[in-house]
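Each structure below appears as structure tokens.
Both complexes below contain subunit A, partnered by subunit B and then by subunit C.
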Partner chain A sequence: MAAPFSQTRESPMSSNPEQRPNLYALTWRLPIIFWQLIFFVGPVLFMVAMSFFLVKNYRMTEAFEFVNWSRMLTRGFFWDSYWYTIGIATLSTVCAMCIAFPAAFALAFRASESTQRWAIFLLIIPFFTSYLVRTFSWFVILSESGVVNAMLGYVGLGPYTMLNTNFGTLVGYMTLTLPLVVILQTVTMANIDKNLIEAARNLGCSPLRTIWQVIIPLSKTGLIIAAIFCFILSFGDFVAPFYLGGSQEPTLPILILDTTKSGQQWPRAAVVAIMMMVTLFAIAFTGIALAYRKGKGAK
Partner chain B sequence: MSKPLVVFDKVQKHFGDFVAVKELDFEIREGEFLAIMGPSGCGKTTTLRMLAGLEAPTFGEIRLNDRVMNDVAPHERDTPLVWQSLALFPFLTARENVEFGLKMRGVDKAERKERAFKWLDKMGILEFENRHISTLSGGQKQRVALARSLVMEPQILLLDEPLSALDAHLVIRMQAVLTDLQRELGITFVYVTHSQSEAFAMADRVIIMGKGEIGQIGTPKEIYRAPANQFVAEFVGRNNILAGKVKSVDGGTARITTPSGEFTVPTNEVNLVKDHNASFVISADLVHIATEEPDGGNKAYCKLISEEFVGSMVTLFLEDAQGHEFKVQMQERELSKFDLHSGDEIWLSWDTQSAHVLNES
Partner chain C sequence: MYRPTVTSSLFGLNRRQLLKAGGAAVLTTPFVSRAWAATTEINMLAWYGHGEPDVVAEYEEANNVKFVPKYYAGGDNMLALIAQSPPGTYDLILSDAEFVQQLNAAGYIEEMNAADYPLDDMLHEDFSQFPGHWADGKMYSMILRGGHLGVSYNKNSVTEEEAQSYACFWKPELEGKVGHFDWHLPTLGMMSLYDGNGAGLWDLNDDQWAKVQETTMSLRKQVGGFFDYGGTFNGLKNGEMQAMCGIGDWITGVLEKDGAPVASVIPKEGGIQFTESYSIGKGSEKADEAKKFIQYMMSPAGQVKSAQMAAYPGFCVTKAGRAALIEADMAEAKRSHQIDGDSQDPITLIKEGRIHYRDIPQQQTLEDWNDFWSEYKSA
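And now, the complex of A and B:
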């Protein structure tokens, strides 16, 4: 008797505040919503619209034609550049993840807490300086008469061409991504429950095997997110392939620059940019879905 | 029958300047249920971890089956441990967790599965074999953790406070599961706990540790009735401890003068010397209460401070005129005859043979 009565009396009261929009909270959310609309959603929509515009006499004119899309997507040079960019960004991700892992492992499991803190602080420092400056400094090291070739010369090797090659591009990508990847991997692995590692050892798992059997599965989410970041940064980077890779094989960001320069083809550059965004969106989405996927048997 | 399986030979463990384990000299017998009990920070977990190879002794030797284990890596030992946090792998199912150790030992797939099934079944959790750890209840996880260690069919199983995270009623049930398993399998269990009820309920022998040293090794009854020293007597709780000076020694008994009065105690094997300090204990459950002053014997007049109920047992906390605390443990139905309230004054008494003199150290 009493239960239904109290339910009918209570339910409208408890649901009321959620149904009525809270003006105070909404007011605080407005700036960020406006910011996103004006500086992200708006430009993206404009870019999508622009990809259907036409260029007449080096002037962009409003139109709704599919000619930019059909021109770009049927050209070999676009797809060559597309797959090359995906390829080298993937290679960059694999390299960064592999180079970072031993360092992150040592910081997470071997270093003392204060060493760990200092290391993370030092890894943040590169972000204080311009990426462009850091990239230019590689000229000194990698050029034909640079530091590396000079040292190799002493042992009778070289000189090797390192600038304007894929190797140069990769060095640039590492400059951009490695500090971040090491930080993300370290933080992920430092949060692993050490008991689980000991439990694996206790059940007969050798130290090396523990990495594959326990540490990597436990840090899967963080590792995938680090890889996604690395891929996104490399995929969209203009500086490394342009200055260190010599843009012999243009990556998509270089293609965008070339397209805008040659004949003011902003609409076709927009097509390339949209293709890049779609690709990154798909990769980030798949990656995050993988990162948070529960194994079989989970509820 | 009870040859030593494990020998701790003058084992010490230092962490920098901190001495976690001062000097351990004891044996673990084959097939026994040994509990290591002590307050937190007493070195009990360190002792267990040294046995599992997760810590290396700073000095001394640990021998398992006469083999010196000091430099044997943890993954090359056969000393599975059940963690306090259980340490189950969250990315594996219940069965995959149980199979983990076998997989590491290179047991082939078919045999792995068969042995995992056997142990999941034995622990009564076969129906959850494909469930992820996060979807299991505390008790079920506990059983997975036990199965994961026992599937290795070890000679010795190490348990580090495995029941401390469970609800009280589950603790009792898991205690029964553990003792039954140990009797049935005949393997040695080394069980670390801070809980006296767990240790006394399950163990054949108990080691009481304090500040990195062994206070006493003995059966639960020996430790309860005849604590070796003040530390053990205090740790075991529910003991009345009285300290004073020896007034006279007469054959099998002695008179000891304490601030709370003069009492007669059996000397047992302790060498009591006149005018020297001496302490003795009386278990709380061996103290009687009376409203009238008893004739002669050992007695104390006390004021009731508080009561504590655990099931049908009551512990009375009392104080005498000198402020010395006394504890009395009795059945609730017995107590109800007295109709006591806090502040009431009452006589305590005990048989001379109930008292136990401590080896002063």
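And now, the complex of A and C:
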């Protein structure tokens, strides 16, 4: 059988010095390179430079001062926000992964292909609507005079305060991330070779042990990618903690807004943004390294 | 039989020429009329609501102008928007009074001719020479409206008597039910008043500033959230928040008109006045149009529009404006106490010394106050 990627054709970026670069292939790669340079690398470099600028009379002036870094990183409220944001984003990731897993498992192993397709379609639908609108709709459901408390009232419970709490923030995060996590988990598990699961069961593995020792290890990469996506989206989300969490403990995105609102301190906001990016890069790289790390005995 | 020929028709034009002339006239008429009636666009920088149809539509129609509003939230935001735009970008600038001085110092606004405006018809003498609006005997901004900030509360959980002091925010039953408008200036001003700083609420020495921070921190356990305009509105409307710090009738007034059991009062420690003023942007090519609009807003009809503004109400600053409001909308005049002899009449409150004009910190920087606000939020 032929190898999926033929070794007979040289890569356009071959290290052979006599090999001329394949301009045709390079041309097709240019748009994405330009895109990344213009809309990612460029703005990031500008943001790094901006973190050293100064604000005078509400106008940014070019400078190379470390005052913004020292001012932000020595403030207790910055680190309070930092650890709170990491904590709540981690909690959001754990919740989303746990809630999504049974649904994804059922879709991957119990549902017909037609049901799977419909389920994926229905999970994509929320992305057609504005996240802000979906978040505001929770006001009606979670307020003290809302739907949930009204139902609890029938059985003599409540009313409970759900808005302007960590619970409210988490509900917002789930609104944002859960459909995506279910989709990623479902696609990952649906691609597992069913023969391996059957083999485990035939060899006497209990259902729970099959999940732990066969399904989860085989879908490790997809699960970690889903978790990384969930963490990144929660970590950077402004809407849920602001509107459903009542900004009670400011997350880093809220701190960015607060910093720019007063005195137009965009350079200090840039410091917060860079810290967020560094954190996310570290977590994403660690996660991806874990996802693709080969287990013992793997070739 | 005589058959008239086209050559003998009107003015001796033949049919072809007549059709050509008619066609040309028909085709060019729209352009001619558009040229005659070209709508002038006026760029306005303002808080939300000032460029909305309920305020400007009548004026636009009558004067063939079109307002292009750019809305901001907060004086800092306004200054930044101007600083980052070329001169002449904004023809009309509505700002909070405490920021006029900075607008003028930075050279962002034009001098105005005092004789163009009804300064002799002001409801309070302060309004004629409002702090910061004049420099070296020259006028730079025209006060348009104001509103008072105090204790805003839900009548079902706070009595009117309790609301007579900021102490009601610490009421045990309100734990987790006190909301903040997410801006440090009004709330810290109120805490300063509660600490007894009176007229010196913005001019705090180190000890007074430390005490204000301590007082504010002691309120943290009562706080249920920090909100923008929409969040504040929702929090009070759905009952999640039973009292609000940092706002006044400009929000509860809208809800009250909608039937919500909320109100705002000026407590015994005093209240804060927000004041909004119009200036003409430096380098504006439509300064005359801008002046004309400011004159309209200062007229009785304009003052009524301002007082009834759908986004948030404000009180009239001219005597003629108040009289027109009473005549046009007695219900709103009564609700907002803009009636001579009413004990909560905003002008009476100013005269009694219970109202202090909003300002910026005198001995600390805005950054100091904002940093403390961030600490407070994360506490």
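Here is the rule we go by: the second predicted complex is superposed on the first by the 278 of 299 C-alpha atoms of A that agree within 3 Å, B and C clash if a C-alpha of one lies under 4 Å from a C-alpha of the other, contacts with A are read in each partner's own complex, and residues count from 1 in each chain.
What we mean here is this: contacts are C-beta pairs under 8 Å (C-beta built on N, C-alpha and C of every residue); 3 or more make two chains touch, one makes a residue touch a chain.
A quick note: this is a predicted structure, and the numbers were derived from the prediction, not measured.
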Looking at A:L218 after the superposition, I want to know if it touches subunit B, subunit C, both of them or none. Which is it: first, second, both, neither?
first
Quick one: is A:L176 in contact with subunit B, with subunit C, with both, or with neither? Answer first, second, both or neither.
neither
In the three-chain superposition, say which chain, subunit B or subunit C, touches more residues of subunit A.
C
After lining up the shared chain so the two structures overlap, which partner does A:L163 touch, if you call subunit B first and subunit C second: first, second, both or neither?
second
Touch check for A:M72: first (subunit B), second (subunit C), both, or neither?
neither
Going by the contact rule set out at the top, does A:L255 touch subunit B (first), subunit C (second), both, or neither?
second
Touching subunit C in the complex, subunit A uses residues 57-59, 75-77, 80-81, 84, 139, 143-146, 161, 163-164, 242-243, 245-250, 255, 258-259, 261-265
Can you list the residues on subunit A that touch subunit B in the complex?
193, 195-196, 198-207, 209, 213-214, 217-218, 220, 294-299
Touching residues on subunit C, where the partner in the complex is subunit A:
73-74, 76-77, 79-80, 83-84, 106, 176, 179, 182-184, 223-228, 231, 234-235, 238-240, 366-367, 369-371, 373-375, 377-378
Counting only contacts in the complex, subunit B reaches subunit A at residues 52, 54, 73-77, 79-81, 83, 85, 87-93, 100-101, 104-105, 130-132, 134-135, 148-149, 152
